[in-house]
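Here come two complexes built around chain A, the first alongside chain B, the second alongside chain C.
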Partner chain A sequence: MDLDTLAHGLVAGSLYALVAVSFNILYRPSNVFNFAQGELVMVGAMTFASAMSVAGMPWIVAFAATLALVGMICLVEERIAVAPILKRAQTGTAWVITTLAVSLIISNLVGRIWGPDPILVKPPEPLSMDSLNVAGVRISSYEVALVICTVALVAMVERAYQTLQGKAVMAVAEDREAALMRGIDPGRLGRWSFFIGGAFAGMTGVVAAPILYASTSLGPDLLLKGFAAAAVGSIGNNRGALIAGYIIGLTEAFGAALLSPGYQEAVIFLVVLGVLLLRPEGLFGRPSARTV
Partner chain B sequence: MSEAPLLSVRAVDAGYGHVDVLENVSLDVGDRKIVALVGRNGAGKSTLLRTISGLIRPRRGQIAFAGANLAGARPDAIVGAGLLHVAEGRRLFRRQTVDDNLELGRYGLRLTQAEHARRIERIHALFPILREKRGLHAGSLSGGQQQMLAIAQAMMRAPKLLMLDEPSLGLAPVLVDQVLDAIASLRAEGVAILLVEQMVERALEIADDAYVLQNGRIIASGPAREIAAGDALRAAYMGEHGAAARA
Partner chain C sequence: MGPRFVARIPTLAQFAFLAAALALPLFVGADSYALFVVTQLGIYILAAIGLNLLSGYAGQVSLGHAAFIAIGAYSVALLTVDRHWPFWAAAVVGMALSAGLGIVAALPSFRLNTWYFAFITLAFALVFEKMIVEWRWLTKGFAGVVGVPAPSLFGHDFGPRALYYLVAASALAGFLLVRNIVRSRFGRAFVAVRDVEPAALAVGASPQRVKLLAFVIAAAFAGAAGAFFAVQKTVVTPDDFTADFSIFFLLTIVLGGLGTLWGPVVGALVFFLIPELLAGLASWRMLIYGCLLLALMLFAPHGLVGAMRQGWRRIARRSPAAPMAAREVSHPPIAGLSLEIAGLRKRFGGVLALDGVDFTAPAGACCAIVGPNGSGKTTLLNLASGYYPADAGTVKIGGAETRGLAAQRIAARGVGRTFQTPRLVNELTAVENVMLGAYRRERSGFIATALRLPSARAEAKRLRAEALAYLAFVGVADRADLEAGEAPHGQQRLIEIARAMMGGARLILLDEPAAGLSMSELERLEQLIVRIRDLGATIVIVEHHLDLVANIAGHVMVLDRGVVLASGAPADVFRNEAVMRAYMGERALKGGAPA
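Now for the complex of A and B:
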């Protein structure tokens, strides 16, 4: 077995897991799946690249500015493309179309601003993309940091759901009307979740940039594989998303190495299809038909 | 009965979509009173509670609570004013623990650690089973335990008025006693209660006042003892024909 392939799989899987978690953050209180999430990751990467290379901001300032901007974009999306639909009917599904529309609008606008050329982004000091030889595996210090940070971030997000506000989000996810009767305002929690989920997507773009390059074509690929990770890991389950992200990353890496890079997408979606056929609720979900 | 009642519902019409359910409903709940709302299934009892708690907007009429107008207010503002609704079926957060459910009961309320602990303490004294089961998911409790948790969750907020919708539904007789005792002890602590209860006789025993709802209208109201002895109650449970025969 080729250990380099394993390393590639873990790195790509980390990014898919992060996208999947950003989906879940939005999904929990709203039951809305934001199809613009991939483009938000892309905007995060492009904004960060420009802030660093054009504006010359320090890493941490560019990082904070990117998170704030992408979070705001996602909040605006909620206000104009999601809230009006849920206001009419809480179970409405027209957000499938409206969030897809937002995705296309962002993709178009960003294409006009930045053009198609990818921008090289350097990792923050002292990390670098130079390959190290760790026990026979070629991997850069930045990639090692990315995998560790991903696990730590998912643990942090799960901690946040242990706070009272986090528990309230889970309460809204379980029974929105019951939450209303306890004085919880689902609209307010929904807006916060869109802001934070957007910022999380922006952050994913920042950490992906040194590996994938910042490019306007990042969005669709991350949307699809992040979505796959969220579905395989059970929608709304962040630990599931983390593990499923790695399953998909590793499948992709080994599929490319063992068969041919041309088949890697097909292999991923065969695995996704197989999992969802056997367990429609994902690997880590409770069966939805459980009764008392 | 000269001072303004704690809750005053005046000439309220309400319903769902194009369906009218309540017509010209008026009802008062006095401070520290237990008021029973009785009537057959489908009479509009739950709809009235849902209208008072802001889940449905009234089409017409006024709802005043503790001096403030609440008609059309948002549910979280109504809860914030001290008016709590424990819905039929209890509607607990089944995937969260007993303790988490209690904590959610005080959502949005600024409490000191000491005050939070004091309220939990009081609840555990009233319902010791909730201490025993504190780490379990609410969904794993029995029906009676869930009802106690639902009442306890509302008590976390120290409400002025508690609306209980069918608290004894599906409970064993011994548990019905326990729940009704808890309701009486809440009143002793100064909480007013608006009670919808299918065990009409039991409800009228502990209530001060009662209202009889039929087809979305109040057809009788007065002291609970008089309602229990009166004709309106029988008419309401026998249906249209009984009422028509009396009229």
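Now for the complex of A and C:
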């Protein structure tokens, strides 16, 4: 087995896991799967790159500004494109079309602001993208940090759901009306979840930028691979998303190495289809009961 | 202009459009750009009609429709150019491949939430786009397939005019097929699966199969459109089938009106005018598409056709149909099915909803289940009708074990049910809702229905008469042709009972049918249940209204926190101390007030 490919898969897998977790944060209270999520990650990467290179902000300031901005965009999306639809009918999937429309709007607007050229983003000191040779594997210090941070972040998000607010989110996901009767305001939780889920997507863009370069064409690819990780790891399950992120990342890396880079997407697609066919609820979920 | 003439305007407009479409080639040159454009328009309409059936009626949003058109186009291009196949055979292969590959990709998603399908089709289109380039040996990569020959029949090649007529005839045929399907039991099932899945299950329609059917039709339509696309453009390249192309189709049907017959036609027509008007704004196109999609979904979910229809209703107020005389309808006897439940257990997380419950309703009996809120009554019905899987125990219906069967299979065995909140398909009329009940009973096959063969037409007519009779039976015949969602709550419950009877239910499970009814409605409900019982059907009723229970039920079971508290004749059970304590608390017991 090629260890470089393994390292490559783990790094890419971390990014997919982060996108999947950002999906889950939105999904838990609203049962909405945001089709604009890939573009939000892209906006995060582009904003951060501009804040660093053009505005010359310090790393931490640019980081905070990016999170706030992308979180706000996602909140605006919820207000305009999701809340009115959910108000009309809790079931139904009109939001598939509206969030897709938001995705189109963001990607085309951003394409007007920034050109198609990717922007190089340097990792924060003292990390760097220079390849180190760790026990025969070529990997940079930034990439090592990314993999570790991803695991830590997922653990943090899971901790957050143990708090009272987190439990309220789970209650809304389970039964919106029952939660309402216990004094939980699903609307408020929905808004917060979109803000936090957006900020998380923005953060994913920030950490992805040094590896993938900040480019306006990041969106669709991350959307689909993030979805693959979320679906394989069971929607709403963050630990599942982490593991599935690595499964997708490794599948992609080895698929590209063994077949040809052109088969990357096809291999992932087949993995997702296979998993959904055998275990519709994903690898780490339990079948949910229908409610009547 | 008399009102009768006004009422006919929509029909006249449809014929005028058809006549204009047929006469058009006579006024433009055979090699003109105009003819090329309208032929293309016809091709897009054909694909959009299929997509509308899938996304508008069945509610499955396909975000990768370009890929299915590409399959049809590449099949025809490669088979006619490389293998010298005739167009017709190649087109059939294209349609079959489009439907077949689509099924393989989408099959897992039909078991899941609808948006999985949207994602899977999006991913499929992306992967397919890459594969077209990757498999250069087959598809010739970016260069594409060049020189696709025109179709020919009996040695005559189709010129541009003949091709136009071929496309126009196909689009018209597609329109009529979809119209027939939408107005049949399949169309009713599509809408039920889209809006109220429990209702589809209750009438025995499998949501997976219904979605699959809609998808196969849509993919075949896309394949046919692709076949025409190849011969019209004579060149097929990967750039023709990008993600933008899929979005274009989605926007077409949203613009025209999701789930309306004319939506895809109107949408495609308008869409073809817009780019001509916005020629200078080409680089803004996708942004405009996005804004349009969002605005339409928010402010006009039924698109232009929906808006036109609404405006039309205001102008030409339909004179209310004469209410049907409430005539007495006699009904053949029903052979009731027994229900035997033993040791039934169900746990939801930490809550034990049912803990070893035994319950028997002999064939033809009327049995009631009562108990405080949260005692497990509805759970029992849901387990018996297959909506939840049971953890342990046995459920026998008519003597045969049914535990573990899917809800639609149990329904097909003659089990009808109503829901605590009525689950009618709001967009269908009352009589259509009742006809939906006969989903499993209709014998006409898909082909006969789509072609509207005389046998299918006769059956549809017979079933409609039967459904009207059931509406009369439950006493809401005057509402037959109004949208079910507009009926008052109490009447919705009655329509739901009619739907269960229409399905030939021999065991009817009623979940709190009296909740929210007025006194007069309550009286009518009681008479109705007695009538159904006297016909011979077995009735199991979950109800809080104890007077009603005492009047109609021969046997009562009291549940409390998942266990059976008492069971027996109503008079005995309601005198039971434990029952009164559970129901009315200690104080009522001391006061000695009977129920």
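The working rule: the second predicted complex is superposed on the first by the 288 of 292 C-alpha atoms of A that agree within 3 Å, B and C clash if a C-alpha of one lies under 4 Å from a C-alpha of the other, contacts with A are read in each partner's own complex, and residues count from 1 in each chain.
The rule is simple: a contact is a pair of C-beta atoms (placed from the backbone, for glycine too) under 8 Å apart; a residue touches a chain by one contact, two chains touch by 3 or more.
In this text the structure is predicted, and so the values were computed from the model without any measurement.
Trainee: Using the overlay on chain A, decide if chain B and chain C clash or can fit next to each other.
Mentor: clash
Trainee: By residue count, which of the two partners contacts chain A more extensively, chain B or chain C?
Mentor: C
Trainee: Identify the partner contact of A:F33: answer first if only chain B is touched, second if only chain C is, both if each is, neither if none is.
Mentor: second
Trainee: With both complexes superposed on chain A, which partner does A:T98 reach: first (chain B), second (chain C), both or neither?
Mentor: In the superposed model, A:T98 contacts chain C only, not chain B.
Trainee: Answer with first, second, both or neither: which of chain B and chain C does A:P84 touch in the superposed model?
Mentor: A:P84 contacts chain C only, not chain B.
Trainee: Quick check on the superposed pair: does A:L273 touch chain B, chain C, both, or neither? Answer first, second, both or neither.
Mentor: The second partner, chain C, only.
Trainee: Which partner does A:A171 reach: the first (chain B), the second (chain C), both, or neither?
Mentor: Touch status of A:A171: first partner only.
Trainee: Quick one: classify A:G115 as touching chain B (first), chain C (second), both or neither.
Mentor: So A:G115 meets neither chain B nor chain C here.
Trainee: Please work out whether A:I184 is in contact with chain B alone, chain C alone, both, or neither, and reply first, second, both or neither.
Mentor: first
Trainee: Run through 347-355, 419-427, 437-445 or 491-499 for chain C and report the one that clashes with chain B in the overlay.
Mentor: After superposing on chain A, the stretch of chain C hitting chain B is 347-355.
Trainee: If I apply the document's touch criterion, which positions on chain A are contacted by chain B in one structure and by chain C in the other?
Mentor: 292
Trainee: Within the complex, which stretch of chain A touches chain B?
Mentor: Those in contact with chain B are residues 164, 167-168, 170-171, 174-175, 177-178, 180-185, 292.
Trainee: Over in the complex, which chain B residues touch chain A? Could you list them?
Mentor: 53-55, 74-76, 79-80, 84-87, 91-96, 100, 103-105, 107-109, 139, 153, 157
Trainee: Across the complex, what residues on chain C touch chain A?
Mentor: 59, 61, 63, 104-105, 107-109, 111-112, 114-116, 118-120, 122-124, 126-127, 130-131, 133-134, 194-195, 197-198, 243, 247, 250, 254, 284, 286-287, 289-294, 297-298, 301, 348, 378, 382, 387-389, 419-420, 423
Trainee: In the complex formed with chain C, which residues of chain A make contact?
Mentor: Touch list, chain A to chain C: 33, 35, 80-81, 84-85, 88, 91-94, 96-98, 100-105, 107-109, 112, 220, 224, 227-228, 231, 260, 262-263, 265-266, 269, 272-273, 276-277, 280, 289-290, 292.
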